[in-house]
């Protein structure tokens, strides 16, 4: 078998990263590498590190999920397949199952290259490109794990069977994911105003911090022209809603923050305005960088509380900008039967959500919907 | 068997009607009479008339749909059950499967009473009361009939297996329906500004016109305190959206009407404002008459076009009134596989919609959801 | 509108009956008449009688179930549709929802003809012909009615949404049904050895007795060459199994009968042999009259107790005759969630059964399976 | 962290193996070790080897599938979880996803022990014990992998989401699996008469051959009293059926073998008798070693061809032995929509099969059925 460096073979890169980097960092959830290879055997060469939160990865062969496993610090040589008919071209996709971990600067996966006894062929782009932006729901938290499990851990997160990946498969699309558990569009679940997705949207990976990620290029500006999504799906608001029910948070050097409720339990108007302003501004930011993309705000998988404020902001954005290439859709709320681990939407809830959103996108882009249960 | 006049037995009346009327008119879709009776045999005595649009009716026994049939002009004596164990109390519900027909003044069903060999017992009220307000979707158009059928006919409409009745059964609730096919909140599908539901909401049955209905009391003010819904579900907007794609309509003596689109296909701002104003005013009307009811606007079963204008109006209503006891939910769009007759949502689409809305109401009112397929 | 006698128009007759009879008796469950008619209005003219067990009927328009209702003694003129576009050809099927009632000699439906303002056209035969033979399951008992209902009544029986009709629709076939609740292949549920289906299989309708049915021709030999089924589905054994758990039955003039169990609860070998002999003989009878039909014995919707005896008899039949054009398939047992009225398989159980058997027949006859929920 | 040898901690062993062996060989599909441990971190220590067919394994945490991966030759230290709340007891199950590989003598997984910072607690036995005996279907072949994949490879086999494991989870049972792809009850798919499951049933693992497995104790007699199944499910016959359609096979030193068909395509009686004799003898063997177990023969997931011969043999067994503690059930045939990789039943087909068989076992043993999709 020969070793091929990641920059000397035709490889399709999934997820935002530094173009041409070698080794190639997989910053985001669902970030990965995809190859077409005629070989009997294929290995991937990785360099991995982490602190508390170890990265997990998944492997798909010809579009079907074959493997899901934990990676620990070290240099790894992972066999992706072996003993196969050499001449047949196989499609292999290796991707990260874990969100960018803002709380673990050491956590990273670097792809150095592949070993094989065969030959690589180019991977065609998919016709439909989808960018998903969200929180723990979009980080797939709870799609693996027992409903009784309540630790907050890397292993419960995924992108192999959550709504974005189900839609990706059923519409034959390619999906990128920008997400962080606990974060919102204005603030995090605990009133932490630093934890807003817009603040990390513009660099390559604004969530990957620390010296090592800095060197990798995570904080560099992202070239939005390099991958133009047909649709951007924003699934934010769940944590912004939660903040209204949490105690005040004191952030050293910044002050104390609290999204307030009125005495009758309704949202305080000033604080709702903060959320709405954040939405309007985020829509403007998204539009600035993605002038042609259809923007769909989806909401509801963990409660419908902010539906009206979100749509209020979307309407304000429309009125201010005249941009009508946006839409809002509720996704079905998670119910007792569809919860997964850590009180998050489980696999069944993601199937439901993927159905509604997938049908919307299929109709919008005139694409048939495939049944994909067997490949998840 | 003895005859019992409708006003001399304990009967539960479904749907708005004139209190104490004898015979009792069933004005609305799903309007009906429900009795508990220990008997071997039960007949209902009816007086029916119609022009083009004949009324259809359904019969439920102990909560299960047993019969659905057409009624034609004349005096009818309809057997609801026979040969049953006399001493056991049966619950029987007889109801109209057809919307109030604004285009057929003759169309009516009057319940004169029952014939039986047994004895009547009171019917308890359900704990949850739901009022559904809508257009053809809420008139159940397309829930019966082949997908190839395209005539506009009474027989394709129903309230025996559409989303409102599925929710009614699965939440053990009682539902009332105020609906008219082709109508909107501001105007009808064809730009007819007379065809707006708010204009007919306040009388007992503003849709039943003509001399005969007048005499029955259809145009009398409705006593909103007589039946207080826990939730009002408004499913309007689909025809308002349609109007933007239809040619101008000239209404003799009133002028020419047309909801306009801009050159780029987007909605004309002035005309959207008309829809939004109508929504705000309708919400105010609903709240005036139903001070305690939770108001849920649902939308999407035939396209998501007006989601943002509807929510914009809902937000304006919130800001103007401070009333936060409202919510907005998308219902899943109808897809190729779920269409029914006359290009309307079919039974499968209504099952999907009932799932999402039913779960929402179940969570809100803390009620378990029952499986009811076998009773539909 | 003009009246057309049943024997002067091109009508497709469903179910065994006396060829050319006018009026036309509908003896069996699912027996009916089907017409293609270009008209705005269509009425069917009926003559009906019954004692305890009133017949129910169903109406389908273009393949979709529109109406289900009770018929009572008398001459009836029933409107099947009205107000439709005159020139379009509609397909209308009117059929009996009730099994032949062996216990009610008066029970009958006679079709005299149709009234219409239009014109009739021939109805093409379906490519696939299926004969279903069975007991209460095949009489659709429990497919309508609440699970709490326990009376034994006509209204709980059907052929509009039980496994045979679901398969008929999903395979675009035509189905005939020979069934009687409580009967078996050897004896009835209560050890009544007179209640075996083979004894009534050979006449036109061996279950319709009494002077009136005699005159109609029910007891005449049936011409098996007049409608050759591609497959015969026998769903018997459930009542034969039940008999082993019931007390002895004394039949005046015939003796006392009891299918026995051994002390350990297993079936008595002599008595099982009676069932097996009956099966072998019935298979021979079926083959004699239907030399080319594929015979499938299905079993299990109310327990798997006799699976091995049934297959034992089927193997004996194979060995004795060399005829291998037979098969055996279990249908899924009814479970708590899928029961219907009167402790019988409900609609959901029939959907499950139709799936398994429908897929088998689809594979055997190379026919695609259509989704038909909306038309039931 | 401390290392604990497999024989010094309370570990529940799944699958037949040599009692007390250290390291512990995992011979069979689904063979594994299960522990309860209060710890923040747990590792398993393995010794693995293989030739062409590498073993795959799966890890479950608190009953939910977390990981599935390939293992390659070498000494492995695999992290099963980390960073968890130390004091909480976790249940962890590590098991083989690959059948015993009769064609790869080197293929093995040995469990040496665990490393942890915590403490082990005993694992309670489940109330229901199920033994599944079968071929490639029971080896889970095709439950992973794209439908277009046609290589015969270890990675397509599984026991993490096939019918046996779905039933195991939904009935809260423990399952053991004895299976080999391509084998039958009389002969293999290609007429190889050596490939019959009965010949390998009596030793610990009759399929694991070669010097190394010999030393491990695979060929030792199995102590059937050590784990008494409540039910034995035999899913054999599919390959025996296939042999009738394959060319003759010459086995050096043994002769040429061919299951014949008659000219009309039906099975040759002599050759069918060989299959039936094999079934009768296998039932006797099963009963000899498992005197109290309910034996259910299931069949049909890849065609119903041998239903009658199988039941014929089962009836002969009943008659010869008087043992009625057996049953036969068809499982639904795999259809176009439910196929998986390598032309085998896919995940969806296994869900269907698990439903029918699971309901049967649930009724038989009076156990509720749990919904488990989220844990697969």
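List of remarks:
Residue numbering begins at 1 within each chain, and the chains themselves are lettered A, B, C and D in the order written.
Methods note: contacts are C-beta pairs under 8 Å (C-beta built on N, C-alpha and C of every residue); 3 or more make two chains touch, one makes a residue touch a chain.
This structure is a prediction, so every number in the text was calculated from the model and none was measured.
Shared contact partners of chain A and chain B: not a single chain qualifies. Looking at which positions face the partner, chain A and chain D present mostly the same ones, since more than half of the interface numbers are shared.
If you average the Cα atoms of chain C and of chain D, the two centres end up 42 Å apart. Separation between the centroids of chain A and chain C, computed from CA atoms only, is 55 Å.
Distance from the chain A centre to the chain D centre is 37 Å, each centre being the mean of its Cα atoms.
Shared contact sites, meaning residues of chain B that touch two or more other chains, are absent. Chain pairs that touch one another, listed by label: A-B, A-D, B-C, C-D.
Across the complex, chain B is touched by residues 52-54, 61-70, 72, 79, 81-85, 144-149, 151, 153-155, 337-338, 340-341, 346-348, 371, 373-375 of chain C.
Those residues of chain B lying in contact with chain A across their complex are 264, 266-267, 300, 304, 307-309, 311-312, 314-315, 318, 324, 326-330, 332-333, 335, 355-356, 359-360, 362-363.
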